[in-house]
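Each chain gets a letter, A, B and C, in the order it is written, and its residues are counted from 1.
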Amino acid sequence: MKISARNTFEGTITKLTDGAVNAEVELTTAGGDKIVAIVTEGSVKSLGLAVGKKAVAFAKAPWVTLMTGEPTIRFSTRNQLSGTVKKVIKGAINTEVALELPGGTTVNAVITNEAATDLGLKEGLKAQALIKASHIILGVPA
Amino acid sequence: MKISARNTFEGTITKLTDGAVNAEVELTTAGGDKIVAIVTEGSVKSLGLAVGKKAVAFAKAPWVTLMTGEPTIRFSTRNQLSGTVKKVIKGAINTEVALELPGGTTVNAVITNEAATDLGLKEGLKAQALIKASHIILGVPA
Amino acid sequence: MKISARNTFEGTITKLTDGAVNAEVELTTAGGDKIVAIVTEGSVKSLGLAVGKKAVAFAKAPWVTLMTGEPTIRFSTRNQLSGTVKKVIKGAINTEVALELPGGTTVNAVITNEAATDLGLKEGLKAQALIKASHIILGVPA
């Protein structure tokens, strides 16, 4: 199986909060990174999601927002991952950016060229990746 | 009226589950495809959403994740649509992919070139489109 | 601090509806524009979100859907912003569009070239930007 989503986090479910329609699921990777996902209760049931179960979190590159510099704002995004820029590829409209996290995981983002220039993105720069919990897709071994 | 979202599914609301903030709405197309959307309760009221009402579901191409090969993972995405690749257009950073569903509907995805190569996407290949319910926009006739 | 999200709305929280997992937050800008965001209750607590507090809403350009012409459909998207096309930049796959709102705010969207042609987007045309509340990132001063 191959998937087009460029961001994959493998881990174990460490927290699960139920709601009427949605549930919040926290995944902890082997390296200790935490990823929070919002999925429907329908998915919780059909996938048998529960604390202690292995799961994989996926996010597409355009769903990742990047930030550089000293944070003057605190964000609502449950997933805020600090890393170092490893690769910057510029296209006609969009730029693809690879960010390496301390634990070795790579986060891939697609942002506009304007944003890439604005943030001064280049190899070696510190940056933060923001991913909304409602943008995370969860998977469990079939 | 013209809309930039490249994915449109016309159908009838066949299920509606209310929550405190969000509601889950299931739409069934004439061809029998089912699309699940998460919208706010504010939208349920303002649009008068109810079982039996006609509605249209929209999703932008970058919100669609593609998968190929035998599924080794089960996903939380409520919308998982199997089809056949009809068109692959490669740009500098992104590739646009058109997937034809058995009922004749076309699903359009924009993925990174890296992902397109990784999945080996080409005309005639079987693939699956994953769309999160929270990414679906619902509409009703004005 | 610099952020890659191309859409920023500064304002004051004017409404907050709590749920079990998610909360709906309405922000009103100085110019009177209203932006509705869905964030987790975890974020409401950690950011101290409350009516009367200053906040900033962010959205990435690919999360914005554009519409032109007389609306024949009413949409579930809580954020529907009418404006005038100011800039259209075409790439290999995607087109970047800047929309100016009456209050002076600019909304940036990235859509496929196919969609841009379909909508007949060009400078001076009236268009509407649709942004799902669940796609909005909220921030508060650090």
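Quick note on the criterion: contacts are C-beta pairs under 8 Å (C-beta built on N, C-alpha and C of every residue); 3 or more make two chains touch, one makes a residue touch a chain.
None of the values given here were measured: they were computed from a predicted structure.
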{"item": "Type of chain A:chain B copy interface by residue overlap (half), same or different", "value": "different"}
{"item": "Rotational angle, Cα trace of chain B fitted to chain C, multiple of 5°", "value": "120"}
{"item": "Approximate Å spacing (C-alpha centroids) for the pair chain A, chain B", "value": "21"}
{"item": "Chain B, residues touching no fewer than two other chains", "value": "19-22, 38, 62, 91-94, 110, 134"}
{"item": "Residue ranges of chain B touching chain A (in the complex, touch as defined)", "value": "17-24, 36, 38, 62-63, 65-78, 91-94, 109-112, 114-116, 118-120, 130, 132-134"}
{"item": "Chain C to chain A touching residues, read off their complex", "value": "1-6, 19-22, 37-40, 42-43, 46-47, 49, 56, 58, 60-62, 89-96, 108, 110, 134-135, 137-142"}
